[in-house]
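Read from first to last, the chains carry the letters A, B, C and D; within each, the first residue is number 1.
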Amino acid sequence: MTQQWERMTFIRLAGALTVASLMGFAASTTAAQAQERRLVVAQSADVLTLDPSVNTAALAINVYLNVYDHLTQINADGSVGPSLALSWDIADGAKVWTFKVRGGAKFHDGTLVTVDDIIWTYKKILADAKSPVRPYLKNVTAIDKIGADSVRFTLDTPFITFDRQVTLVSVLPQKAYEALGPEKFSVQPIGSGPFKVVRWVKDSMVELVANADYWGGAPQVDRVTFRPVPTEAARAAGLASGELDIVPVLPPTLVASLSQRPGIRIEKVPSNRTVYVGFNVTNPGLADVKLRRAIDHAIDREAITSKLLRGMGTPIGQIPAPVLFGHDPAIKATAYDPARSRQLLAEVGYKGEKIVFQYPNNRWAFAEEVAQAIGGYLKAVGIQVELQSMEFSAFFPLWLGNKLGHMYMFSLGITVMDADLILNLEYESEVSHGYWRNAEVDNLAKQQRAETDPEQRKKIMSQVWRMSQENAAFAPIYNEIQAYGVRDRVKWSPRPDERLNFGYGPILTGN
Amino acid sequence: MTDPVLSVRNLTIEVMTATGPARAVENVSFDVARGEAFGVVGESGSGKSLTMLAIMGLLPVGQVRVTAGEILLEGRNLLNLSFDELRAFRGKQVSMVFQDPMTSFNPVIPMGAQIGEIVRIHQPAATADEVRRRVVDLLDLVGVPDPERCYRQYPHEFSGGMRQRAMIAMAVANDPALLIADEPTTALDVTIQAQVMAVLAKARQRTQASMILVTHDLGLVAESVDRIAVMYGGRILETGGVDAIFEAPGHPYTVGLLKSLPRFDRAVDTLHAIPGQPAMVGNRPSGCLFHPRCGLGEGRVDCRARMPELLNATPAHWVACHARGETARWATRIDVDLRQRASALDRAVPGFSESQPLLQVENLHTHFRVARSRGWGREVLRAVNGVSFAIDRRQTFGLVGESGCGKSTLGRTLLGLHRATGGRVVLAGRDVAQMNRSRSRDLRRMMQVVFQDPYASLDPRMDIHDIVAEPLMINEMRDDARVRELMDRVGLPADAARRKPAEFSGGQRQRIAIARALALNPELIILDEAVSSLDVSIQAQVINLLKQLQQEFGIAYLFISHNLAVVRHVSDRVAVMYLGRIVEVGPSDLVFNDPRHPYTKALLAAVPVLDARRTRTKFVLTGDIPNPVRPPSGCAFRTRCALAQPSCARAVPELTAQGHPEHFAACFVAASNTPIRT
Amino acid sequence: MTRFVLFRIGQSVFTVFGVLTAAFFLVRLSGDPTALLLPEQATAAEVAALRTELGLDRPLWLQYGLFLGKALQGDFGMSFRQHSSALGLVLERLPATLELALTAFVLGIGMAFVAGLALRLSGSRRLRALFYWIAFVRQAIPIFWFGLLMILLFSVSLRWLPSLGRGGIEHLILPALTLATFEFALYLRLLDAAFSEQQTQDYVRTAYAKGQTRARTILQHMLPNALLPIVTVAGINLGVLLGGAVVTETVFSWPGVGRLIVQSVSQRDYPVIIAGILVTSVVFVLINLLVDLLYAVLDPRVRLS
Amino acid sequence: MSAGIAMAMLGCLIAAMILIPALPGYDPYGQNLSAGYTEPFQTIEGKLYLLGADALGRDLVGRLALATRVSLAISVAAVAISMTIGVTLGLIAGFFRGPAETAIMGIADLQLSIPRVLILIAVTAIVGPNLVNLTLLLGLTSWVSYGRVARAMTLSLREREFVLAATTQGASPIWNIRKHLLPNVMPQMVIVGSFELGQIIILEASLSYLGLGIQPPLPSLGLMISEGQTALEINPWLSVLPGMVIFIVVAGVQFISQGFTAEGADARTSAMAAP
């Protein structure tokens, strides 16, 4: 803001000068001192709404986390901790959850955050058929106010990770929301989080200022600006030119070139995200486990992670990432063994039947290259693979509707940092988007969901991962190591859950 | 001749051609005396326009340059001056009236501003108001009505004649010493031409300017200038006083030109035609330029070896011919020859034969709906408004009239290119309109056409064989022998078959078009200004060819033209059209020798007469042709008619017989046979 | 004249109606958006419920009828994803788009006129060859690559200008230049061709015959005539610039209509796509209406016919 | 640059892209992750990479040859399709006038009023981007310029006297269109086409950049530039080389067509040029 204004003043003063000299003046003011501690963060796209009750896009959640509070929060180490809720009880085999709400938290308009606001928020979401947040709460059958400071959720089935699930619901101020109406609220929202929204210029910026009254203490940054920058190259350029302070999820190529530049630091963190190959086992072409295993062995995960990704990944043998609760370090990645692949192919009598490999190309960093590399490895052992690169918007409905034909690539980054969701999304017959089904797995999934002992849960989940590997239900490829481009003046480390939460985080030095 | 205004000495101009530089103008010298009118006559490609552009310093850069000679204007050699130095002369000392008044004005600048420009350039001190008053005065001088209003109008709002008047006003704005008029009336109708020439004379008189009149029209120079130079192939072949040259031409080319013109005063059936094609730049014969086409010098060694010099026959008459002593005798021989050929021909008797006419047109109407120029809706343009006539077999029916009179629309309606909105067309006893499509198409094949523009009428991408064969191909009668025969009949060499139209001159292209029209053995050929764009020597060749073909195949012609002399020469019967109606029709001798309608009289009077001694009664028709969308009530001609009476506005005159059972005119006052005078 | 204007307005209305219809069926064919609106945890029942909620389960003709009825009242529906008026979202981006497109247009056409007149007035063949080379090279480089090179040079290396987003004039310079250089190439060649054609006209010869200078002949006589063919092309091209600067908007993170439409297409946000296409085409149609009127002002021959 | 040099450069390029795939070792799909981002003239694991290699270590010579063929095939086919449609509709509109003309020109206006990029983006999203769809779409959306020029020319040609003469000889509209209008319209169409060819290569590149063009592993020139963008500082040749090929093709074709028309145009221009 300040920089801009100063530049503008100069430009006006230099009104009669040519474009060339304008550029000169602009450059001379770039070094101007900024009094304020401001942070500019790039995202690949703008938020679509600032109303968190109707949107679940990851990019938007990064903003919501800074503006709103939730009953609980995921800590930087992946554990779940108190937020608006100070503590919570589990009863009835994880079917009844009672949260004790913190007193004294205030919305940005000065009103107190009450249990009623919380209950109103949840009920609003449950009543809205259009809201994408609603599916997160599909187990909820009742929400009750218990005393003055507690809220009780009753679920239809045991759900041991419900305390993590509630991090997905941002608490709204009932009165302010009703007064503004949803349309107005979606552009001038009021939350109770560490930052307030100052302005939202669509497709340009969401600008936040520190909330000095925050119950957790005022944040260390005065002003945070989220800027949508749609291309990777432009984000990298913006970082290099000093216009951006933090650029999340850099592709390996840019990591290599940006790390050479002065004033920029690359922060790497093993993330919650894994990239894996799925099989439609109901397709006769892929029904034979040996064929799937042949594919599994044909892929050189080591080369992909170390060479193609330049170390920005670690080979993995299960879908849950190491930072997730439920990951089993004992399960190793499938070894690259093209000889064994060829042998297996010979055993199943594979005669060059075409296998279609579908993958989304505009969602995850380097997906296009990784998919092509996988395709190249399959070809190398003699598998006729046809690559089908798709926009995520074309791919996702197929994934959600279980309509992928042969073989596909997908990636999950579990925000709640608990592998339960992976069981749910990729294994359980009832709702799974995976194609390999097994009654025992269904049982195990249910069992752990009601299990209150963490160690026991881990053991149960580990069983599923092993069965999955034995049956080659999936071919997990790698766990993504994410790289953030950070300007040196920003002292900040990224989190494994891909979230950008500046409430407690960065310390700014210099400018 | 002392102290000439302009003196051109040994001017030589080279142009770049596909085969390298070639001389387009060679060794040209002439003087123009103070106050004199000097004519430069020549056919296309003679170098006359290039010479004029050289005087103006306006030769196109790069492709054309002066390689030798001097152009002395008031004693200063213009060729030594730079572009900017020349600017002081252009528009001030010497100015030019260009041929096409439409394109010579800037379409997006008001007329007044364009004329004012020339004043402002040379009188920078003049105030805006002074310039404006000067322009209005000039417009008034050249007879533009309501000059104040015209000052603000744009060129497209002017008629052709008015534009050329404005051009003259512009040219004389700074009282130039020399005025060059390059084909100033070629684009205009004959009545307008007479007006414009009168204005030009008046403007000259006022400014005392010398003038060079460049034209291909011998009649025009005969009337308007004192001395002429005849140019051919970039050289002057003959120069001298107008009377001397017309009376006793010294060069066979001049003789040929004069004799190839159809003339009112001498009825001959065959025109003298200079054989062959003009000498084009880059392809000029050695020796005398004219020798390949010359009937006099045939076979002489000198003619082939050496270009003759301009030598004086009499003190003021110079001729460049090796055989100039024999020209007069040779010219007499031509006349005898033509007369002999004429008597040999079986002249068709004008008038209807006993049998049914070939084509009968009854009360034909062709109306167009055109968008109104102002306001809503459409209005009707009555291009052909109730025309009746008949054409007999083997006859030539001439149709004359100024542009916009509907004669071409009439021809195209007969051809089925426009839809008739009323009336009947009966061809060989069958009504064309009442037939179904394919039968009427069959019938229409009996009627073929040759158009005016030899460039637009041949598909540039086809070769000559395919063009001539096309009518046969369309009717699935492919016959290469017939194509060869047709080409031979119209005088095209056999090796022309695989060449493209671009390689042929205008006259040859018209021959190709005629061959194509003949292919389907038509009974009637509509000749829509078919010879109008040709040079006189070529025009005579084509006319002779047409006559010959008529004799041979017994074809009838509908001969549409604005050139009265040509129509007179070729037609058995003739009709005069004005604003969509026939105003006079009859055997051509009667119509031309004893015109009854004032319009016909005016047309005839406006035609320049070749014989310089004969002063004709100058009957200048005033005003322009009215807008055909809104013609005057009653007799459409009354607004320009010297004899008009109030009663003429009331009813449309019918065609009535005029002293001869086949001579009709549509005029209320014609019967009284009042002599027309001004 | 009035009739011409009314006729053109009628034609424009018809065109806009056609665009609406085409856009409607185009987006309906682009696949079901409901799955995209829900998170990974959504069930089939939830997808179906949302489809009903959005009215996408009705027959196509009924949807079209309802759509037209609302469209006539200026209602193009709510964005599926952004929970605000689709038309509003588009109109919000319009100033950014206009700013970029008009700047690039004026800059490009201005540079082309300066260059075109310079080479006409100087008559230099070398200058002409140089400008043509520049034009050819620029036209052969895709915008996205040219834009990136501009960013690397002016933002990253020289640090003169910001590379992303919209703000003051300095934000406008790079994207506008990227587009303007392309426009420059286009108009330079058009203008030069138009001048070449005018140069052969008789009225130019007349001007010289009056004793007019070369410069004035070029500026006063040839320029107004050379403008005519350019005006028509410029109308169409400015329209394309307004809606079609998608790539430039993407490269420079410019918050324009084009980018909004592209995003909406990838998210299958029907109402926004339709509103976006509608707004672009209305702007286009309006510009061309103005161009026709401008043409009539420039060319008196049109004025009266 | 004269038309001759342009032709020679284009000729070499076309010869190269036909010949190279026949040589061993230039498999456009043969990956070696160890050779990722190899710069030109480097040898990795015993293999010389003449122009370097892309992210997956695929030899750039083979990739470029294939990409050039793909891009040229798309643009030439698209130009052929759009020219065919444009000329056909333009001739119909210009020759028959009436409702056909109103309809065709209405559609042309309609299409012009939505920028081509937007139509392409919207429709590609529906039908999915692949070689055939892309070619068809580029072809179907580019006809307007041909159509307008063809119509304008037809309007004047149909009144030309050689057409009228044929009509009086009984020629059907089909005959006139086939024998007279088409041959006279085509030269101008080829000039429009040469300009469009370059435009379409660039347009395809832009679509690839937006992810809606040719889909990997098939390369196109635009896609290669797009892929090489983030690696600009690791191996700039990845985007510079295809960029150069685009330039040679686009500028070459235009120089050639310019050369052909310039002969006529120059003569005309200087014939009346100011002194």
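The working rule: a contact is a pair of C-beta atoms (placed from the backbone, for glycine too) under 8 Å apart; a residue touches a chain by one contact, two chains touch by 3 or more.
Bear in mind that the values here come from a model prediction, so they are computed numbers and not experimental data.
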Smallest number of contact steps required from chain A to reach chain B: 2
Of all other chains, the one whose Cα centre sits farthest from chain D: B
B-D compared against A-D, more contacting pairs: B-D
Averaged-CA centre spacing for the pair chain D and chain B, given as whole angstrom: 49
Chain A-chain D separation of Cα centroids, rounded to whole Å: 41
Whole-Å separation of chain centres (CA-atom averages), chain B against chain C: 51
Between chain D and chain C, distance of the C-alpha-averaged centres to the nearest whole Å: 21
Shared-contact residues (touching 2 or more other chains) in chain B: 58, 83
Contacts with 2+ other chains: residues of chain A: 231, 233, 362, 391, 393-394
Multi-partner residues of chain C (at least 2 other chains): 31, 148, 152, 201, 205, 208, 214, 250, 266, 268
Full enumeration of touching chain pairs: A-C, A-D, B-C, B-D, C-D
Contact footprint of chain A on chain C as seen in their complex: 31-32, 35-44, 46-47, 49-50, 53-54, 79, 81-85, 89, 92-93, 96, 148, 151-152, 154-156, 158-170, 173, 250-253, 255-256, 259-260, 263, 266-268
Residue ranges of chain D in contact with chain C within the complex: 1, 106-107, 109-110, 112-118, 121-123, 125-126, 198, 202, 205-206, 209-210, 222, 225-226, 229, 232, 239, 243, 246-247, 249-251, 254-255, 265, 268-269, 271-275
Complex contacts: residues of chain C adjacent to chain B: 3, 201-203, 205-214, 220-221, 224-225, 228, 298-301, 304-305
For the chain A and chain C complex, residues of the former touching the latter: 4, 7-8, 11, 19, 22-24, 26-27, 30, 45-46, 48-49, 51, 54-56, 129-130, 132-136, 138, 182-183, 186-187, 201-205, 227-231, 233-234, 237-238, 240-244, 362, 391-394, 396-397, 400-401, 412, 421, 424-425, 431, 433
Contacting residues of chain D [partner chain A, same complex]: 29, 31, 33-34, 36-37, 55-56, 125, 128, 211-212, 215-217, 227, 229-234
